[in-house]
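Two complexes come next, and they have one chain in common, subunit A, joined by subunit B in the first and subunit C in the second.
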Partner chain A sequence: MPRIIKQRVEFEGRVEERNVVIEGDDLPVWPAGERFQVIGTPVTRVDGAQRAGGTARYTADLYPAGVLHGAILRSPHPHARIRALRTSRAEQAPGVRLVLSHRNTDAIPWYNGMSRIFDTELRYVGDEVALVVADDAAAARDALDLIEVEYEPLPHVIDPLEAIRPGAPQVHPQGNVLGGAPERYARGDVEQGFLAADAIVELDVTTPDVLHHSMETHGSVAWWEGDTLVIWDSTQHIFGVRRQVAAALRIPLDRVRVLSPFMGGGFGGKNNAGKHTVLAALASRRLGRPVRIVFTRAEESQAAGKRPRSVQRIRVGARSDGTLVAIDYWGVSSIGAYRAIGTPLAGPATELYACPNVRAETLNVFTHTGPAAAFRAPGYVEGTCALECAIEALADQLEIDPLELRLRNYAEADQVLGRPYSSKFLREAYAMGARAIGWERRALTPRSPVRDGPPRRGLGMATQLWGGSGSAPAYAEVRLNPDGTAEVRIGTQDIGTGTKTALTQIAAEVLTLPVGKVTLSLGDTDFPYSPLSAGSQTLASCGPAVRMAADEARRHLIDAAASLLEVAPEDVRLEGGRLFVAGVPERGLAIAELTGQIGNFTIAGRGFRGPNPDGVTIRTWGAQFAEVEVDPETGEVSVLRIVACHDVGRVINPLQYQSQIHGGVIQGLGMALREEHVTDPETGAVLDLGFDAYAVPRITGIPEIVALAVDKPDPIANNLGVKGVGEPPIIPTPAAIANAVANALGVRVTSFPITPAKVRAELGRRA
Partner chain B sequence: MSTPSAPSGSLHAVRVTVNGRPEALRVPARRTLLQVLREDLHLTGTKEGCGVGTCGACTVLVDGRAMLSCLVLAVQADGRTVETIEGLSRDGALDPLQQAFIAHDALQCGFCTPGQVMALRALLRATPHPSLDEIRRAVEGNVCRCGAYPRIQQAALEVARAAEGYR
Partner chain C sequence: MDVFVPRTLDEALEIKAARPDAVPIAGGTDLMVELNLNRRRPRALLDVSRLAELRRCGREDGAVFLGAGVSYTRVIAELPECVPLAQASRAVGSPQIRNRGTVGGNLGTASPAGDALPVLAAYDAEIVVATRDGARALPWAQFLVGPKQTALPPDGLILGARWRIARGPGSFSKVGTRNAMVIAIASLCLVLDEEQRAVRVALGSVGPTVLRAPDAEAYAAEAMARAGTWDDPAALPAPREIEEWAQRVAGAARPIDDVRGTAAYRRHACAALARRALRWALEDRRAGGRA
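The block that comes next holds the complex of A and B.
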């Protein structure tokens, strides 16, 4: 019988208490040194031919028969009330079938009740005003201009520091600080700690708004089959979309099916259903036809989420031998007009280093700008910029090697929750990374700024701390066909991370089948429940369930073979797709011979994700090292090389592991040097619509990236010993680059992105 | 509903050869080649990443040259030969460039991949053994937000270095 226990589970940098259902015994963890055939090998993507061949169908590729196209009218004001709205001209435009607005749509609560699907108070440039549905997308967009809206502009606030001043325009009646107060954390006595410090560093650090810009924009295609709603959605969470849409439309869960078999990138920006998802469903119900709403690239810049900008101040104090005695952290995250959860900016500062006296205060501040969303390690990328730049500045001040300083303050246990780590191989990551970059070549940071002369090289590093444990619940099913092929079903998503391939490898390993004989299907709420693909949790949540499902099928195979071979099940072995009597390899048969003999009786297995071990904190770790060349005359920074080495438990697929590292590092590189989403403080307008004015990294700007793995299984985290690698690689990149720039020039730019102008300004400031 | 009603103006006849097949279409003046490929011919392998010429996802070959199909009006394609990602495989076997992409894991979400492959195909056809620099320049306009760039470069280099060249 299932039992329910309460467990503290980490997700996206926050720890929450959750009910976890225990259904039975989990499998023992595959120990270090376990020999594998498929796991740990560089299997190429099982869906590579579909993706590279152009036959993979993404949500945006769906044009069902009779499909109509939706376009959304968005607020031109950062804060306004709709006085009047007239749609008759738009409704009469050629090709237009329907216009939805607050006037003819239920007041469906949205953004956790902070707003509704069509609100009459608009809180950012881009907030949804109306939907036009027409025969084609161009007709729908044309008709947007024919909707007449009278807006009453209201006072607005764009800057988060202005938003927390008394008398600032209010984004929500509850005030501009999420939760009404800062989030606070403290241990020890910070003031006493600083009194004992021989060196103190204080830094002001800012990070910009950064956009996800997944190549597939947000989109949903919805239609009704009788009373059942079918939605294709470009999402990281099909079951979450199902729950949100069912609630919005007040229909039972079993009348909503959500699919996302291929998905063109999310990075945290597609964790929830969008308003467009609900609108597609509503419009389809009214019109009796499929409705497709796919964002334009410009909408992606305005209304699809962002990593919110941060303003941070950090003070760190240490004794002359480098021992940290105090960390004082203050951070503001500008979460835009709507956000239900805060940004865990203080995570790195409070946990990464052994330090008895730590204080942190974080404010999540509403502004009249586009809503923030999770973006690959939310909070931790920003927080690491502050902490790791401060640590390296401290090392320079004390003339201690920055790596050595970090090792002297190595945290052996989780000081925040007061419990041990399940495993921590960060020392190994430091050592492997340092060796690969040639850290011993690092010259002392110049004591005075280098203002001219030829380009100078510098080396810098930064550490990564993040969750990625995964957790229950997640389920999988495996079944064997009469011809000996296997099918796996699991309701997770592959958002580009290679989930499908890694999970296929796990099933193939257990069943001792080649990868080509296992077909895994995902991205469908008709399949067993899986959590959202975020928090680097997919592999560690779903993988153990797939292993258990395959293991149950394997045991059934052995039982069936035992009766055919007339031996006890304990005496049957399964190797290389063959079942045989132990010690008598010739007495046996292939899986396909067995399943063929039992005909349509299906060998199947069901697996669940067991609970996380109690009383430990599960973390991923890593270190990155950057080598840069900076031209002091122009301020131009060229990154020559990044070495990344991460401890994410056992690596299931080294090829895809490295691809994840490349991807994270490249996004980190963009944030470090170029990317900045800009909102006009006067008008609230987004100044970087699309790719024209927003500098996503291009192939010509990519340095050499060396992706290394510690590759040691976590001994207790889950039955595979795996953790996630989706988010870890972006976390330390900007800080490592900033530290390398400081090492080259002797001045420190702590305002990201580190543009040539900022480098020049910093050099000038110290003149 | 394969031919949506035209909201503005009349229809124009367009004859175009797509992946070796002649097609006769009637399209509104402002319909792009990208829309025709995806919505009328159901060739959704060619992706729309921006619709305004800034991401390369919609790259196809027009008379052998790489073009951004979101910037080409369907009427401009009249009388031309268009090749899309779907045209690359022969009898179910992928083209060497596609195979190299898979072997080197040069794709993550895969949404940019067709555009990357087509841009490189145009390069390799014109220059069978391009340098790394030429490869980078050929796909400089192709955004990969997943950051598969190091792998894309490796995959293209492997094909570029094959003694027999690229067909």
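The block that comes next holds the complex of A and C.
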């Protein structure tokens, strides 16, 4: 009998109260030391051959019969009003089937009501003005030039610090600060704390706008089958897209089916339906043909979301023994024109270390730039840059080893919510990582700047905390075929992380089948509900449901075998795909024999994700260590080695764990040293419309990456004891690299990316 | 858009004379970016990738001729003795870009950041240009006249570059956001000419076009003469002379501030590159040198 309770649930660094339905008893957590056959083994991707061989069909690969192509006209102004818009020339162009604009489209609310699907006020260079649908993509793009628009340019603001000055141009009538005021947090008395400090470090830290640049760009292909809308979408949440599109088109949920069986990366940039998704659906309805809208790489740079730049100031005070007495944090996140959710910049500063006196203020500021989106640990990557650089600067000032300083301020409980952690094996992560990098080799940071001479090495580190607990609801179904193979259905999506493989392993483990006998299907809203694949929550949300579904099928198998073997069910064992009487292994039969005997009577199971335990905070933890070589003369930084060790609960697949660490480290390295999305303050135009001017790391710049795992199950978080690993490895990467550079040169660059010019400027400034 | 696909140089020059608006395309590594980003909409393209004359590469009459249609991959394979050119070619883009991109494209685009251009400038190369009326050679400095500006006549095509083979060490190096794909912050090519006892240095990305540093060149050659370096590779100029050389090279730079690096840093990088390049060259000579 379901009942509803209220629970505080963490997601992407923010805690919210939700209604949680309790349906029944969850399975007990697999304890530490549980012996597995499939879980914990490095199973290669179940769809690896499909992905590598090019036979996997992504949304961008889809060209259904009769498909028409959409192209979007985007605002050339950072802020303007559309005075007039004429589409007749474009409509008459060869191959053009339809032009949609505010003149012939319902005023569908968008961006949480801040705008509409076609707004007449445009708030960034790239804001949607009109859609052209044509027989081919080139005809659609050519016709964009034939749409005549009279724009009334309006004053704009690009820089977040300018945007909060009085008299700044307003992005929205409610003002340029999201929610009208800073987000504030305080415990203890910070001023008193600083009075007790023997050493105080104050740092100004800035992080750049950076782009997700998923391999697959944003895209949707939509068509109608009768009154049912079918959408293929490159998305991190098929059910979310279904809900948003159904609401936008005012059609029932059961008339919308969303598919995303293969997805080429999202990193938080595909958490929601895009305007292009709704536009494809609207255009398809009008034209009676499939409509395909897939972003170009330039659109991906301009209008597909970004990690917003931050401006931060942190002040940290400690006693001479390194005990923290005060942390004062101030941060600004430039959320672009339309982001509705604040960036949790202050998360690390308020929670990572035991400190009685903490104050934090975060401003989320609208600017006339492309909307910010979640991006792999939003806020926490930026916030960790500030906190962990300050901690290491403090350690240098106090002449305490930076790792030792961290251990002296180890937080045993969640000081923000005032409750215990479900588990915290950060000490183990520190120890394993320090051993692997050879932390004892770290030389003292030079007291005076090293301006010339041969390249110098440095060691630095940083810590991460993040959520990744996952949560209810999520559901899965398992059924067995007459030949003893199993099929799993779950409405999640594999955004490239290997979800499909990990979930298959869980079902195979419970059913004692080899991975090859289990086929898992996902990416279809016809399957049971699963949540957004973000916040490192997919495995921890979906995995327990798959386990429970497989477990129910397993119990049914045992019951059925018991009746065939004429014993009590509790005397039947299932091992290695064989059901037999306990103690009498020869009295039994293979699963396939059993299912063969019952033909199309189907043994099946349904599972749900149980609620998270109440009254505890579930966190992932980790430490990363960087060794760099810096050329003092040119300021160039080479990262030689990164060691990562994270506590993310039980590791289901060590190979995929390693892949996630590699990906996160590489993405973090880009932000640390190279990547910067540049918006021209004069024109509001994006200057890096693709990869020629936006420097994602290349293979030659990628260091040796050592991926270690604490690999201890969380004793209460969920029935698998797992947490997520998608986001954790990016979080400490830029800070660890910055700390290693500081250790090499004796000066600290806190403006990311750490370019050669900034290193040289910092060396010069201290002269 | 019209696309012309001539099979012979004569045909190509006829087309170019009739359609001066036709933009030549070989590997397309510059032009296709412009087209894809809608920065350019040429009315016609002239595919020069099938012209045999542009694919010549090698020694001709005591000089090296490098056809405009030769890919960077081929430069690396076929002109290994031109060390700085091979180094610059390796610094270009990814393997895919090196397979497509050509030195002719670098010359046609005439971006001060074109990797091969400082090398051609340090080689004192001539650029061979053809029209229907025949071919002629222009010194590189008369060909590269400004940022993205060349002296190529509207009815002309770039056949290639030609330079005298100089004996002596040399190198190409650069400082950039990363070594390829993204344009350099500063690049430098140094060539020592043993026969003429000359030092030649060219800078990329730090001015409106590729720059030479004649004042620094003369200073270094004299410093080496004073020290007796030209005759005895073990006799080296004084460290302060090498520093002076580096500062004079930096002084020749005319950098602008842009999103990639400040002007002051670019000038500083030129000095660092110059210091290193000369040290490497002197070490090479002492170690027996590269012919």
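Rule of thumb we're sticking to: the second predicted complex is superposed on the first by the 767 of 767 C-alpha atoms of A that agree within 3 Å, B and C clash if a C-alpha of one lies under 4 Å from a C-alpha of the other, contacts with A are read in each partner's own complex, and residues count from 1 in each chain.
Heads up, the rule we're going with is that a residue touches a chain if its C-beta (ideal position, glycine included) is under 8 Å from a C-beta of that chain, and two chains touch if they have at least 3 such contacts.
What you see is a predicted model; the values in this text were computed from it and never measured.
Student: Looking at A:A757 after the superposition, I want to know if it touches subunit B, subunit C, both of them or none. Which is it: first, second, both, neither?
Tutor: second
Student: Which partner, subunit B or subunit C, touches the larger number of subunit A residues?
Tutor: B
Student: Does subunit B (first) or subunit C (second) touch A:T55, or do both, or does neither?
Tutor: first
Student: Now for A:F36: first (subunit B), second (subunit C), both, or neither, which partner does it touch?
Tutor: neither
Student: Once the structures are superposed on A, label A:T700 by its partner contacts, choosing first (subunit B), second (subunit C), both or neither.
Tutor: Touch status of A:T700: both partners.
Student: Going by the contact rule set out at the top, does A:S214 touch subunit B (first), subunit C (second), both, or neither?
Tutor: A:S214 sits against subunit B, while subunit C stays out of touch.
Student: Of the two partner chains, subunit B (first) and subunit C (second), which one does A:F262 touch, if any: first, second, both, or neither?
Tutor: first
Student: After lining up the shared chain so the two structures overlap, which partner does A:F691 touch, if you call subunit B first and subunit C second: first, second, both or neither?
Tutor: A:F691 sits against subunit B and subunit C alike.
Student: Who does A:I495 touch here: subunit B (first), subunit C (second), both, or neither?
Tutor: Touch status of A:I495: first partner only.
Student: Where on subunit A do subunit B and subunit C both make contact?
Tutor: In subunit A, residues 296, 690-692, 697-698, 700 are touched by subunit B and also by subunit C.
Student: Considering the complex alone, what residue numbers of subunit C touch subunit A?
Tutor: 33, 36-37, 94, 175, 177-183, 185, 259, 261-262, 264-265, 268-269, 272-273, 275
Student: In their shared complex, at which residues does subunit B touch subunit A?
Tutor: Per the stated touch rule, the residues are 1, 4-5, 7-8, 30, 38-39, 42-52, 54-55, 57, 84-86, 88-89, 94, 98, 101-103, 105, 107-114, 117, 136-137, 139-153.
Student: Using the touch definition up top, name the residues of subunit A that touch subunit C in the complex.
Tutor: On the subunit A side, the touching residues are 296, 298, 633-636, 674, 676, 678, 687, 689-693, 695, 697-698, 700-701, 755-757, 760-761.
Student: Along subunit A, where are the residues that touch subunit B in the complex?
Tutor: 44-45, 47-58, 60-61, 63, 65-67, 93-95, 134-136, 138-139, 142, 212-217, 262-265, 267, 296-297, 495-498, 655-656, 658-660, 662-667, 690-692, 696-700, 702, 705
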